[in-house]
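Below are structures written as structure tokens.
Paired with chain B in one complex and with chain C in the other, chain A is shared by the two complexes that follow.
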Partner chain A sequence: MARRSASARLTARPSRLIRRPAATAIAATLALLASACAEQAPSGEPAAEPVKGGTLVVAISEDPELLNPAVTTSGAAHTASELLYNGLVGLNAQGEPQPELAESWQVDDDGARYTFQLRDDVTWHDGEPFTSNDVKFAFEEVLLKYHSRTQASLGEALAAIETPDEHTVVFTFDQPYGSLLQQLDVTEAPIVAKHVYQGGDPLEHPANTKPIGTGPFTLERYQPDAEIRFAANENYFKEDLPYLDTVVMRVIPDDANQVVALESGEVQWLWGVPGPDLERLRADGRFEFLETGVNPGGTNCIMTVTFNLDRPIFTDVDTRRAIAHALDRQQYLDRVQFGQGKVAEAPISSGISFAHAENLDDMPVHDPARAEQLLDAAGWVREGDGTRVANGVDGVKDGTPLAFDFLHYPNFADYGELFRAQLRAIGAEVELRPLESTVFVEKVFTERDFDTNVISYCNGTDPEIGVKRMYLSSNIGPVPFSNAAGYRNPEVDRLFDEARTTIGDDERKAAYQRLQEAIVADLPYVWLVETTSTRVFPKRCGGFSHSGHFAEAAYCGTS
Partner chain B sequence: MSATADVPFEPAAPGVGRRRGVLRGVLGTPSGLLGAALTGTLVVVAVFAPALAPYDPFAIDGPVLHPPSVAHPLGTDALGRDLYSGVLYGTRTSLVVAGTVGVLVLLIGALVGAVSGYAGRWADDVLMRLTEAFQVLPRFFLAIVVIAFFGPGIDRLVLVLGFTSWPMLARVVRAEVLSLKQREFIAAAKAHGASNVRVVVREILPNALPAAIALLGLVLAQVILIEASLGFIGLGDPNAMSWGYLANEAQRFLRVAWWLPLFPGLAILLAVLGLNLLGDALTDILGGRR
Partner chain C sequence: MSWGYAVRRIAQLIPTVAAILLASFLLIHLAPGDPVLALAGEHGDAEYYEFMRDKFGLDQPLHEQLLTYAGNVLTADFGVSYVRGRPVLDVVLERLPATLLLTGAALLLSTVAGLLAGVFTATRRSRVPDLTVSGVLLTLYAAPVFWLGQLAILALALGAGWFPVQGMSTAGSDATGLANAADVAHHLALPAIVLASQEIAAVGRLTRVGLRDELDSDHVRMARAKGLAEATVVVKYGLRRALAPVVTVIGGRVGHLVAGAVIVEVVFGWPGLGRLLVTSTQSRDVPIVLGIFLLVAVTVVVANVITDLCYAWLDPRVRYR
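Presenting the complex of A and B:
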């Protein structure tokens, strides 16, 4: 299976060389599966062997509307279209870059210049050869204009994309840019064909529903709101892949119906299982599970409580710290997530291992007694068992009750219920305000009319993608899911700049550690749980990857 | 004989004797008795919920998804909250909503019906067209829109349902007023120099309202259903425990925790059944069926 080694070219210039041993996504996936099996099947059943052929039916929740992952970050569109395309690099389960359309790369000038050597054996689904011109076109004309995450992260940093020859692409930055390789996979930067999209409006292009990609599968038929059929790409550049002949994605909007379809054998892959059903499916014995924080719609998500720092009651960091101490985060994991995920222990997800901080001393833990102490000291006094009232709190009129609202999406209602119950115990009264997504975004980011809220902030595969937006003072404003707290700390702004331009794993990790220490000292947010989804499939199938090309190396034996 | 045929027997203004008759009539039929018993229980539970409920309905300290047991007679939900306490407190919310809507409906319905029926002519035309306009308003849909727009809350729910549920009642009152105002005792009152307002308030309404009150039971049953349905589709007020809220919670656990949908559903069923039976019994006795 592993047949290619990344060839690395040495140059005379001082440079850092990144060499990846021949570890393909398949091997990584199999390793992951093996560990999952070890957990799930203590009897040590042999994992099914890859077999060629067969059909995999996948349940999807909604119609993708378009099959072009380069012009949108919609989870539905990415779920349905990533099999058709490739990125320059892939990411393995640990988030490390793997060769894909680029077979090797080289980083110069301390990270301000990346040179990618492209494979010369890749063809588009219509037979045209894939070249460096496609890469330049895909970035300049499509990704940097329409892919909101890539636009926000790369757009401002990238100086130029050059193509010295047909199989070489050079990315140049004004300043060192440490995280490029995390942003080139099929989710963040899928490469679309120049000869297909040239000259048209990429958003309205007919190819968005008749896609031509380089990926492991080609589109056979797309019936909106019903199903999407994919056929194996016979000329796929990864030898022997894909194993499956056909992948069918069937639209089944209701979670419960998806579970029924899985149990009846109608579908063989669910992207996620509703918590209450998980236990039952685990006990069933017919299924395998793959737990992951990587999703087509967002990766490494943390359920995060926001304090509106414009509100006088939250000006004092001790009040925020008291509230954080009142929250028993294990309960969110056990009672809301049904164990799918882990308690957050730092502002940056543990899924971004190179940036995630460990052992943050100031990270608040569940300690109601400490919470009550802090509130007493801050001037929130309690008479009897009731709600606390202000008595000498800076900027708050004496007699004001410690009462505030909590905005949430309707499907995060359970987070609100726990939040309210846990805070009632320390004498804070919470009013829940469930709001549909558009109203929520308007209230929180445009009007800033809220006290606290809960948001699933997806960190992405690099802090540049999904972490920075929450903290930079320049990101306070109407842009959805930017800096909801209204947090301003010039030191933190500076530390983000420093981390971005720091090259070298240890140095970068240290920079992010300093950054997270500064954030945790201020507590503009409380990080509750890192959520994961649980993919589920029958035992006779295997070889799945967590996201993106989830079925590239998948197979289904006969049961 | 023929000269007196179009002058029907004249009831006197309702008195104590007649009220006692109504009570005996309702309790005298099995369905009326059941309806009255269910509705009465509901009111008692609503009033004494804090005393009857063993736990705070929002407290999360119980075991998770525990079937009915001695400590938790109706089981617990996924967050560890006691369902029995939830159902008891839910009665309060449902009755508060139904009660306030009932008062609003009675006020608006009686006013519109009385003015329309007594004044007649253009006032009647205008008010009846208005009533028809309100009658065709899709009540449930309107409630959804208002709540989606302003966020869930009992106050706006009461207003929406109150301002859209009165047309039936107004029509019944109007019909009663139309027939009553031809009667001799009205003519007698007028002959004694009573003002129009006095005639309507003192003479006509007391005789027209029993039919309206009978109908009110049915309207309230619908209000309880709508409140529960809104809660069920997730538009209930999460800050007030209600049956619809509980039923909504239960949706995700239909296949793993049978007690979660069953008991709130039963509560809704019994409340609606009680109000319907009581309303029917009253209608039979007071002769208000339309």
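Presenting the complex of A and C:
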């Protein structure tokens, strides 16, 4: 791709020791390139030419509640606040690190030491200069305490953050740490100002509603539950950006009403559209679409069925495999997602291309006949009315029916209905239990009182962020969205450690391939669909990107 | 109306509000769902939860939390939102005007339109206009608010283009003064009509029944026999006496309007308390939920007291024995 070759040409300052993904290392000094063209590639067909000025009205579903992305992982807060901030690095549409607040970096000691060279031309929205002290402060006092994801993934691994001078930051790890660069974007690690947050409680700080950032837009006005208005940051460090003068976010809680507001011209950007409305909007002819798995609230998400492995009926892997064979995953994609996404082919999302496994032989395909065979062999025999009961199943009393519950969020009810229908065909009875999110989390992760469930597990931009947590035997327990299955396999634990400390593209991919083969052999989960959402905007607008800086290079023409 | 009645009726406010506060505190704390888990979202570890529980005092026994909370409320300290990190009073007060405007407009509209509809139908018995208006009232009374709201948006906002689809003002508008008031009124019209629709029907039906009874009574026949104008007969001799039960209903309907506002605010993207209550309940933001419960409880209880006082004024026979 053009951008990669350009970056190779521009590399002026070779690092002493560069082993991490080649593209990353080469990207080290492409500061100049980062400006105008870096973020605007993936907006479908650019129907309009970039124009300076104008207003974009964006529909958001929830009030952000606070405009500080460093103290929360809430999707609503991140959607509304990421335009105000920057990370040390950005991630392009392929998930590769790009210079942002850091103009270059080098990786030493086999990945245990990262040195970042910061830009010297960045100022905060209040005019104060941005320095390495801000980075150290943002991590130590804010991110590693309050950003639950960064705290969980980096907290233990990180040994120290040093600032040898105003424009240099050094991250040191006890062991090689391969995935730091994927965790430094504005979603995972937005940098907040030391002079603003110093000495106060970051959670209750007044700056959370009067934010001072470095990002492409500044906050002009925040009216809770109504609208948030942003103005272009005239001193933004990326030259010529942003194009828009104003971005207005309108809180419109009802999905159907968001679509109507787009059709009536009151808004120009939807983050997602309900499936049934999508066809109508496509037929309308006035709109452009951008389908993506990247979301401020969670990236590369897979709808995943969990087996509670502590329940005797699921101890036998053949029973789990039978259930997996009964599920027609294409139907979830077609009927529930209305085609938004793709059938999952591996435990790790295809959105993390360097870790996603290919050609997994043990990945179960839709095969009801095979499912019936496996259940028969496992000792689940059909009764006269078609339901199966135990007859010689290990650890299960004879006569126990093959019946279990299925916990889900109310908005995943369609997944439940389909699941029940597909399993009834092989003689299993499913009881659906829709639960509101807070109750669901308590039932599944604190009380572990469930047989099966469905969860949208978001993998993030690196397996360290959102994959490992589902499988580590040390991560079963009261933590939300941890290892729901109660899966314990020392070999898999070891493989995760190995993958994390492995440096180098090919080696890392091989390590993750082995790991996914081991997981698929055990089937603690069934991976149904990699979901995407579809952004919609009028044809006169363009230049959008997937990430939190979606409007950094966006524009809207008049026609 | 005697002063003793008024004083005793007002004094009853205090135990009522205290009981509501206690009930809602227990309700939200005993409901399943943990605010810290909700706050953590997808991630976090045991250390993070402990830190947050300690921070919000959630590690204390429930009765101590209740005592602390009750003590704070007495000093007008309603606590700090878990999610927003801002004082509850600030968060609630900045959304209160929007809800007051919406429910106030709906209350006014339902009272005026309901009375008019009631008088109209009561004075045209068994004729086509009566049947038509009564039919419309019955339909409005039966229609769920969220459905009516979506229909109104599709037909009147997107279809006819008479009203904006959502919000309280035009996006990014800087209008002030009269221009702003006109803009807000334009945005208010549709949600207020939708919210008022059931109440119009309720008030209209009740007025119709009451007024019709009165118009059949002897004193009205007497007034007619004296040759008074029909309008005077209806308003002065009929309506005044028929109003007492209607006033009672209007007071009681304040609670219904607040409940309906929760839905209407979501459908129309109206930035009021109802939506705050929904999202705060979902995230178990206990201080906010309790703050809103308290506010709504006080409002409804006070509205009922005012109703009773009006009733006593309309009908002097009402008093404590």
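Note that the second predicted complex is superposed on the first by the 510 of 559 C-alpha atoms of A that agree within 3 Å, B and C clash if a C-alpha of one lies under 4 Å from a C-alpha of the other, contacts with A are read in each partner's own complex, and residues count from 1 in each chain.
The rule we apply is simple: contacts are C-beta pairs under 8 Å (C-beta built on N, C-alpha and C of every residue); 3 or more make two chains touch, one makes a residue touch a chain.
On a predicted model such as this, the values are computed, not experimentally measured, just so you know.
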#### Entry: Fit-or-clash call for chain B and chain C when the two complexes are aligned on chain A
fit
### Task
Considering only touches as defined above, state whether A:L66 meets chain B (first), chain C (second), both or neither.
second
### Task
With the two complexes superposed on chain A, say which partner A:D109 touches: chain B (first), chain C (second), both, or neither.
neither
### Query
Looking at the overlay, does A:R433 come into contact with chain B only (first), chain C only (second), both, or neither?
first
### Message
Touch test for A:R229: chain B only (first), chain C only (second), both, or neither?
### Response
second
### Task
For A:P410, select first, second, both or neither according to whether it touches chain B, chain C, the two together, or no partner.
first
### Task
Using the superposed model, measure off the angle between the directions from the CA centre of chain A to chain B and to chain C, in steps of 10°.
40
### Task
Please determine whether it is chain B or chain C that touches the greater number of chain A residues.
C
### Task
Determine, under the contact definition given at the top, whether A:R250 touches first (chain B), second (chain C), both, or neither.
second
### Message
In the overlaid three-chain picture, which partner chain does A:P276 touch, first (chain B) or second (chain C), both, or neither?
### Response
first
### Task
Using the touch definition from the top, say if A:E266 reaches chain B (first), chain C (second), both or neither.
second
### Query
Once both complexes sit on top of each other, what is the least C-alpha distance from chain B to chain C, rounded to whole angstrom?
7
## Note on the structure
Note: overlapping chain A surface for chain B and chain C spans 256, 436, 439
### Task
Report the residues of chain B in contact with chain A in the complex, numbered from low to high.
58-60, 64-65, 78-81, 148, 151-152, 234, 238-239, 252-257
### Query
What residues on chain C touch chain A, complex-wise?
32-35, 37-46, 48-49, 51, 55, 80-81, 83-86, 91, 94-95, 98, 150, 153-154, 157-158, 161, 164-169, 171-172, 266-269, 271-272, 275-276, 279, 282-284
### Task
Could you pull out which chain A residues touch chain B in their complex?
255-256, 274-277, 279-280, 331, 334-336, 338, 410, 413-414, 416-418, 420-422, 424, 431-436, 439
### Summary
Residue set of chain A touching chain C in the complex reads 55, 57, 62-63, 65-66, 72-75, 145, 148-149, 151-153, 155, 201, 203-205, 208-209, 223-227, 229, 246, 248, 250-254, 256-257, 260-261, 263-264, 266-267, 298, 436-439, 441-443, 445-446, 458, 466, 469, 477-481
